[in-house]
Every structure is written in C-alpha cells, then in structure tokens.
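One chain, chain A, appears in both complexes that follow, with chain B as partner in the first and chain C in the second.
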Partner chain A sequence: MKLAIYICLALVMDLGYGYLSIKRHTTLFAPLNDIGVIEWSETYGLHNLEHTAWFFILIILLTFLGVNTFICTTDRMLVLTRARKNMEPLRFMFSLAPHVMHYAVLIILSGYLCSYLFSTVIPMKSLIPGMPVPIGNSGLTVTMQKLELDYYTGRRMPLFYNYALGVQARLLIADGAHQRQATLGINDPVWSGAYGIFLKDYSPRKKDGGMKRASDRVDVSIRKDYGVYFYMAGMLFFFVGLLFYVYGMVYFKLLKKGTS
Partner chain B sequence: MPTAQIAFKLAALLYLVVIPLPFLTSNRKILICGLLPGVCFNAMAIFLRYELAWPMVPMYISPVMFPFFLGLLSMCVALNKKDDQSLTALKVCLVLLGIFSLSAVLFPKDFYMPYWKFNSLFAHAFMAMGALGKGFFIVSSAYAVAALVKHRGNQRAELYGADIAGSFFWGATGYAVWTVSMFCGEMWSYLGWGTPVVWDDAAILTTMATWFFYTCFLHLHLTGTWSVRARAWYAAAGAPMIYIFNAIPDFGPYRALF
Partner chain C sequence: MRLREWFVFALLFVFAALTLCACKKAEGEKKESFLQIGEFAVNRISADRTEVTDGAGRKLLLIPRNAPMPKDYNPNQVIRVPVKSVVAYGDFEIATLRALGVLEDTLVGVTRPEKKWYYDDVKNGFKSGKIVFLGEPQSLDYEKLKNQQPELVLTWDPSVIPMLEDLHIPAIVTSTPIAMCLNARMKFVKFLAPFFNKDKEADLYFDKVNKSLIALRERTAQSKNKQKVMWGDIYEKRVLVEPGNAWVGELLGYAQTNYLFNDVYGTSCIEISVERFLHSGEEADVYFTYRSKGAGATSKEALARTNPLVKTIRPLTHGKVFIPLPHYTQSGDKLDEIFTELAAIVHPDVYPDYKLKYFEELPAKEPNTKGK
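This part shows the complex of A and B:
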C-alpha cells in the first residue's frame, strides 16, 4: 500500500513536469494522437529525451502502479471470497465495490496500452461530394453524398452569424458487395466494422464562403482501435463500482443510525 | 444588464467583502445571506458567458464557474451547525474563494471564441463537474486546515481522527465528481477527435495529476498509512495544489481592473 502511495505522488510530480513540457513543445507530442507509441518513441521520443523523458517515466510508473494494484487487489479479493460465507450478501457486494474500481482502472490502462500499441490511424482523408475514397487496406470505400450545413442566423452570437454550427455529412460506405448510408456530424462519428470515422474539419465554415471550386468538403480521420472497447468497459465498471461504494456507505450509515 | 465581465467582477468584489464576516459573527443565516449576492452575480456571469456561446461551451469558463460552485458549497458548510469545525472551515473557504475569484478577474482568458467541437453534452458535463469537483476539494482542504488549527500541538489521535473525517467526506465526494468529469472529458475527446487523450492540450495532464493526488488522499485515509497529522497536512495541501495545477493553467494575461 505504501508503494501505491509513493507511486501516486511520483505520478503527480511527473505529470506536473509533463504539463510544462507539452506546453512548451506541443509539436513533439501532438503526433502521439495519430501514431503508435513505438513509432513515436523511435522518432520524436528518444531523440528529444530532455523534453520527453517524463513520458517514459510516466509509462514506467503506470506499469508499476498496474502491477501493484493487481497484486494487492487480487490478494484482498481472495481474502474477501474466503470470508464470503460469514457475510451478508449485501455487505459482501458493497465490500466488492473498491476492488471492482481497482480492476476497472487496470482495464482502462490496458485499453490505453492496446490503443497506443495496436491501433491503425489514417490521420486525414478529405471527402468531397460524389468522390469515393478508399480507406487503406480495409476494402472499405467512403463516398460523401451530400453535405448539409446548419448556419446560425440568430442575433444572440453576432460573431457566429452565418457560421455553420451544425454539420451533417451523408456518407455511403461500401464494403465490397454491401453498402450502407450513415450520417457524420460534429462529435458524432460513424462506425463501420472496426473502423471509426471522425470529423476533423469541414468547409465552407461561413455561408457563401470557401473556394468556389471545391466548397463542400469534410476532413476526416479514420481509426481502427480495439483499445476503445477496453477503456469504455473500464469506465463503466469504475462508475458501477463507485455507485455501489457510495450506496453502501450511505446504506450502512443509515443502518447504524437506525440501530443506535 | 451588465456584461459577463462586470457581473463576475462584482461577484469577486462581493466574495472579498464577505471574507471578514465569519470572523465577526457565527450566525449562519447572516453568513449565508452574505454569500448570496456574490453567488447570484457569479451565476449571472456564467449565464451571460453561455448566452454568447450556447450550444457550445464558452472557452475557459472554469475560472468563472468554479467560484460559483465554491460559493454554493461554502453556503452548505455554513448550514452545517452540528460540525464544530464548520465555522473555521468556512473562514478558510471564503479566503480561498476570494483568492480564486480575484485571480480569475485579474488574469482572465475570456477573449476566445467558442470552438465548434465544444458543442457536446459531454463537454458541458466535463467543464461543470470539473469545476464542482474542485469546489469539493477546496472545502476538503478547508476542513483539514480547520482540524490543524484546532489541534495545534495536540497529538490525541482519536479526537484528531474525528475532525479529519469532514475533510475525507468532502475530498471523497470531490474525487467521485472529478472522476465522472474525467470520464465525460474522455468520451467527448473520443467522439470529437477519435482518441480519449489529445496530446495537443496540456491540461489533460494537470487533470490526471489532480486525480492521482486525490487517489493518494483516499488511500492514505482508508488505510491509515500515515499519521493523522500528516494526513491532515496532505489534505490541506490540496488547496495550493488545485491553485497551481488547475487555476494557473487557465490564467490569461494580466488585465487591470479598470
């Protein structure tokens, strides 16, 4: 337990240093959004150690924390499981809650590891109406059929007058013999199998704006990332564990008040 | 109708004016009434900022939103008559509220247009719950300071432990809210950018650092690893930690009051 505490404190200091490093050298770290951690290390990471060392320390510390958490949590789970027969079912469930949260953190960290090691990212594809665009070696072809822009015409936000604040790109996704339609929007990606299509930019931003030759355009990034399932599951488990823990605290506090 | 800037300056002024109040009276109704005008003007400032940005999140709204939540939570602390630490904790809360709101007034970052990707329920939840979580952390720190002040030189652990229970409650609640805020931020980041962590924005690291700080806080308290006094000091360090890691990164250039 002491080890976990000192690792957490070390993480606080390392992340604090990392903040200053990213603030001053954003261009070194921005590629991490699109390339895996190994490719990043071989290019930016290891060749700028004076600015990136904190990131490698972060990975080491998170590894130690993960291993420590797994060992301690499993040890306590075994003790709890053995004591289960002597406990009320409700108390047993509430006692499980912190351990669910600990395992959830491990699942989240595994998700991140999976993402940064194994995901495939196509950082930029531009879609214009009617032009099919193949997606890498996936066999998928994406065609933007129509771009609908919702322009703001109110008076509440004068700086945004005639600005497109809503975007709906109607896509046709073809996978060999099959085709399906989907709508891509702001913070509203489209999934096709393992691939996610995310809106990065669009044009024109303003009504009657943009170059006349290719005025309707969306830029997308396409990702194949299995890690996302892990960290979504981890977040869900953590949230459930948290709810159980809070509910248990309140329940037994009220019970104690009632009996006393 | 005042502008958002004027409303927030008024709120900060009212927060500063109310700082001496708990030193002059322990009447809870007076204390709450003293806080109310500042909280109302703060709410107005948030509303006016949102009016110019909705459905997007106003950029750097957290320095304006956080004092609002801290003001509300301070009123909850004032309402707590059963806890004999609450008056001292309230004094600390009001001093910190004055510091945070004055800093936000003197170093505003309210000159950015909202960004179109900030149009997301997750973005709104991330900002609001983050500001609320910070409020809980500050109150936790205030209760820890109250315990340290009350038991200066007193090494009787059983009394001390009971006094730090308030700090733990507020800190644990803040931790839950902060965690949900982080999850909302990750969901927004994933839906908008395709990845839960965007490395262009350094603020993600201070958010994680705060989470690990309070993870440590919970473990220290629940496992009793350090002495009670050391745990109280750790909890009290939460306030400067929040200021350095979460307030300063949101500061803009200095702007004179008039």
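This part shows the complex of A and C:
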C-alpha cells in the first residue's frame, strides 16, 4: 500500500513535468501515435532525452504500479477465495468488486501498451473525389465519392462565419471481392475489418475564402490496432466492478439499518 | 512480502540498466543518425537507407540510384538519390535548392509563370527551356508535368499526392499544419540535403545563418528601444497574421522586440478576429504588411484606403509600416540577410545607415501628392 502511494506521488510529479514538456515541445511527441513507442524511442525519444526522459520514467513507474497492483490484488483475491466457504455468496461477490476494478485498470494499461507496440499506422493518405487510393498492404481501396461540407452561417461567432465546421465524406471501400459505402466525419471514423479510417484534415476550410489554395480533399490516417479491444474490455470490466461496488455499499448499508 | 520486494528491486534494476544503455547509445549516435526539423525528420538507418518524414507525416525512403528496389516499401515512396530533376511549388523550397547549389541542374518545373520570377537562375532556366511553367497549383497540367519526368515533386498541396502516385512520381509535402518555427526554417536546408547528397553544403549554409542570428542577438541587445511589432493584414473578408510560433515571431523575439501576436498559435497566415488585430494595433510601433505595392500598398494613405479599419492602428498614424519587396519571397536562400534586415528595421539605432534590400518603408502619402 505504501509503495503504491509513493509510486502515485512520483507519477504526479512526473506527469507534471511531462505536461510542461509536451506543451513546449509538441512536435517531439506528436509522432508517437503514428510510429509506435519503439521507433519513437529510438528516434525522437533518445535524441531529445532532456525533454523526453519523463516519458521513459512514466513507463517505468506505470510498470511498477501495474506489477504492484497485480500482486496486491492477487494476494487479496487468494485470501478471499480461501475465506469463501465462510461467506455468503452475495457478500463474496460484492467483496470481489474492488479487485475487478483493479484488474480492469491493468487490462486498460496493457491495451495502451499493445496499441503503442503493435499497431500498424498509415499516418496520412489524401483522398480526392473519384480517385481510388490503395491502403498499404491491406488489400483495401478507398474512393471518396463526395465531400459534403456544412458551413457555419450563424451570426454569433463572426470569426467562424462561412467556415466548414461539419464535414461528411462519402467513401466507397473495396476489398477486391466486396465493396461498401460509408460516411466519414469528425469524431466519426469508418471501420473496415481490423482497419479504422480516421479524419485528420479537410479542405476547403472556408466558403469563398478568397485565398483557397487547394481543391476538395480529406486527409485520413489508417490504423490497425488490436489494443482497442483490450481497453474496451477493460472499461467494461471496470464498469461492472464499479456497479457491484456501489450496489454492495448500498445493500450492506440497508442491511445494517434493517438489523439495528 | 519479501518476494514482492525482490521482484520490484529486480525490475527497477533492469529498467535502470536499459535506460543507461539507451542513453549511452543515444549519446554516441546523436548527431549522425536522426535529425528532427520541426515536423520534418531525417533518419539515417544505414549508409544506403535514409528515411525521411515530410510535413504531412508521410515516410519516404532515400536509396542510392544503383541500389535494388526494397521490397518492404511502396515504390511510390522510394526516391533514388541524388535526385536529378525536381518540380517545386513553393518559393522557399526553390530558394533552398539554390542554397544547396542544385537549382540550375535539377529544377524542371514550377507553378509560377516566367514573368513572376526575379532571380536569374530561374529566368535562364525558362529561357533555355529546362524549366517549364506547369500551370497554377489549383489547375496543374499533369501532361506537362509528366513530360518533364521529375524524379521528385516538392509540393505544399497534399491533394496532388493521389494523382502523383498514379503517375508514379514520388512527392514530399513541404507544408505543415503548424507554422514553421525559426529552428525549422533555418534547418530546412538539412532536410532537403540528403535528396541531393549535399549535406556539407547544408551544414555550411546553416552555420552562416546561425552566425547571423547570434550576431543580431548580440547587437540588438545593445539597443535601448524595445519596439512593439505586428505582422499581418486585414483583407476584405478576413484578418491574417503571423502567429507567435512562426519563424518571424520567434526571430523578432530574438531581436529583442515585443511581438504582439506571441499569444497566437497555429499555422502561418492564421486568421484572427478584427478586434484582436486592432487591439494590438493600438500599441504597435512597427507594422509589417503582407501586401506589396502591386496590391495597393504604395503609402500609408493608400493602405488606409484599402480598409478603413487599418487606418486606426498606431503604426499608420505614429509608427512605421513596411512592405515586402517583390523578390522577398523568392530570397529564402538569403535567410542571414533577411534576419539582419528585420533586426535593422526594428532597431535602427544599432544599425545606422543600413540600406533595406527586402523590405520598404511606406511613406505617409503617395509620392506624387507629397507637398500638396
């Protein structure tokens, strides 16, 4: 328990330094999402240690926290399992809840580790209307059929007047044998098998801007990332654990009231 | 409990050892193996393989001309070096080719017509037929482009990439989502150098520019005035300025001035509100406009006529206004001179008798109406 508190304090200090470092040297950390932690460490990371050391320390601290959490939780789980015979099934289930949440956090952390270690990323592909674009070695071909921009026409924010604040790109995704249509938008990625297609940028940004320099296009990044399934599962476990924990608290409180 | 402590200590030891090894390796390979230039990067994987990251985050592999095509790379993203023919969109990229000493031998296509060029090397290229105008960037003539057989296209427009990939012409995107900082502006020559095997020339050029930066910093430190500077313009429908993270913002900071858009962050020529522009205009001493004489900026009076809001800013009434001369944007290979000139403009007291080459101060009234 003591060790966990020390690690958490160290994490707070490390993340505080990391916050300032990211704020001042954004371009150093931006490629981390695209190239993964190993390649990033070998290039940007190790060549700018004065600004990136906190990140390596963060990994070490998170590993310690993870190992410590796993050992402590498993210790308690074993004690609980041994005491199971003397407990009511419902009480046993409720007392497992905090440990389920601890395991869930570990699953979420390993999901992120998996993402940064094993995901395949194509950082940027530009799509223009009617032009099929092959996606790496995936066998997929993506064609943007139409780009629909939703321009702001309100008067409350004059700076954004006529700016494209909403974007919908109609895509045709073909994998050789089949093809299907999908709509890509801001915070609305398109999934095709294990591949996710995410909107990065689009053009034009303004209607009749006067300085329009480029034709209609969207820039997308494409990710094949199995880590997502881990953190989805982790979040689900955490939610279930939390539900049991809260329910247990209320249940025992009511039980205590009833008996007194 | 004891087992856990042992386990934790063992892990701590392994991580410390790994970190030390990594640091040692990084120290040893620091200079030659990896170079980050803003959002661009050059990663020398081996003697025959250099991986570059362009402004859009795309990776391209540079290999010698006689090397076999690597199987782990898309052929459209493999460039054989030294590159022998280039099409370039931007003035700064073309000026960087000049700084590397490869412009005359390699440039075969541009997106600006012949009459709009000011330097002899490009003009002569047009005359000899080596350089061709390929059309405006928004309506590029791909037939002409293909005929020029470029081995590399330097473009700021990512929307041409799909077409170029279809034509099997490798391209790099030279624009970035965030404005190029001063360091990136100065080191961009080191990004283009591996494409032409001109690393020594790039180092020499960078050293020259860096020396000018150090010199201007020392000299402007002696100045007693700390001018307040703004750089941008009000157009009919929008207000555009250079943000504080752009190279001009950083340079003016180095030159001991107070750049009034330091709090603005983002892309070059970023749009801000009229109110924000006018707020800075109230206290500015020096104003750099994007407009040239051709765009109507012939005097403060003429500038005020283009937009009544501009006439209220202090540099038009009590300060100084500077416009870029037409050849300024094509002079990116003279960064040392441009830096010094900007320092001389904002600190005339420590640069007496300096003659402007890239900018011009606007008179209060039209020259022909003076004295009336």
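Please note the rule applied: the second predicted complex is superposed on the first by the 249 of 260 C-alpha atoms of A that agree within 3 Å, B and C clash if a C-alpha of one lies under 4 Å from a C-alpha of the other, contacts with A are read in each partner's own complex, and residues count from 1 in each chain.
Everything that follows uses one rule, which is that a residue touches a chain if its C-beta (ideal position, glycine included) is under 8 Å from a C-beta of that chain, and two chains touch if they have at least 3 such contacts.
Predicted model only: the values in this text are computed from it and were never measured.
**Student:** After aligning the two structures on chain A, examine chain B and chain C and state clash or fit.
**Tutor:** Aligned on chain A, chain C fits beside chain B.
**Student:** May I ask you to decide whether A:R223 touches chain B, chain C, both, or neither, giving the answer as first, second, both or neither?
**Tutor:** Touch partner of A:R223: chain B, not chain C.
**Student:** Which partner chains sit in contact with A:N48 here, chain B, chain C, both or neither? Use first/second/both/neither.
**Tutor:** In the superposition, A:N48 touches chain C alone.
**Student:** Taking the superposition as given, does A:L159 touch the first partner, chain B, the second, chain C, both, or neither?
**Tutor:** A:L159 contacts both chain B and chain C.
**Student:** Of the two partner chains, chain B (first) and chain C (second), which one does A:A174 touch, if any: first, second, both, or neither?
**Tutor:** In the superposition, A:A174 touches no partner, neither chain B nor chain C.
**Student:** Pick one for A:L32: touches chain B only (first), chain C only (second), both, or neither.
**Tutor:** Touch status of A:L32: first partner only.
**Student:** Scan A:A233 for contacts with chain B and chain C and give back first, second, both or neither.
**Tutor:** Neither partner.
**Student:** For A:I186, select first, second, both or neither according to whether it touches chain B, chain C, the two together, or no partner.
**Tutor:** first
**Student:** Look across chain B and chain C in the superposition and give the shortest C-alpha distance you find, in Å.
**Tutor:** It comes out at 8 Å between the closest C-alpha atoms.
**Student:** Of the residues on chain A, which ones does chain B touch that chain C also touches?
**Tutor:** Touching chain B and chain C on chain A: residues 26, 30-31, 159.
**Student:** Can you list the residues on chain A that touch chain B in the complex?
**Tutor:** The touching residues are 1-2, 4-5, 8-9, 11-12, 15-16, 18-20, 22-23, 26, 29-33, 112, 115, 121, 156-157, 159-160, 165, 186-189, 196, 198, 200, 221, 223, 225, 228, 231, 235, 238-239, 242, 246.
**Student:** Help me check something: in the complex, which residues belonging to chain B touch chain A?
**Tutor:** Residue positions touching the partner: 51-56, 113, 116-117, 119-120, 122-123, 176, 179-180, 183, 186-188, 190-200, 202-203, 205-206, 208-209, 212-213, 215-216, 219-220, 223, 225, 244-245, 249.
**Student:** Quick check: in the complex, which residue numbers of chain C touch chain A?
**Tutor:** Residues 4, 7-8, 11-12, 15, 19, 22-23, 25-26, 30, 33-34, 36, 38-39, 41, 43, 53, 56-59, 74, 137-138, 156-159, 161-163, 165-166, 177-178, 235-238, 269, 271-273.
**Student:** Which residues of chain A touch chain C in their complex?
**Tutor:** It comes out as residues 3, 26-28, 30-31, 34, 41-44, 46-49, 56, 60, 63-64, 67-68, 71, 123-124, 126-128, 131, 133, 136, 158-159, 201, 203, 206, 208-217, 219.
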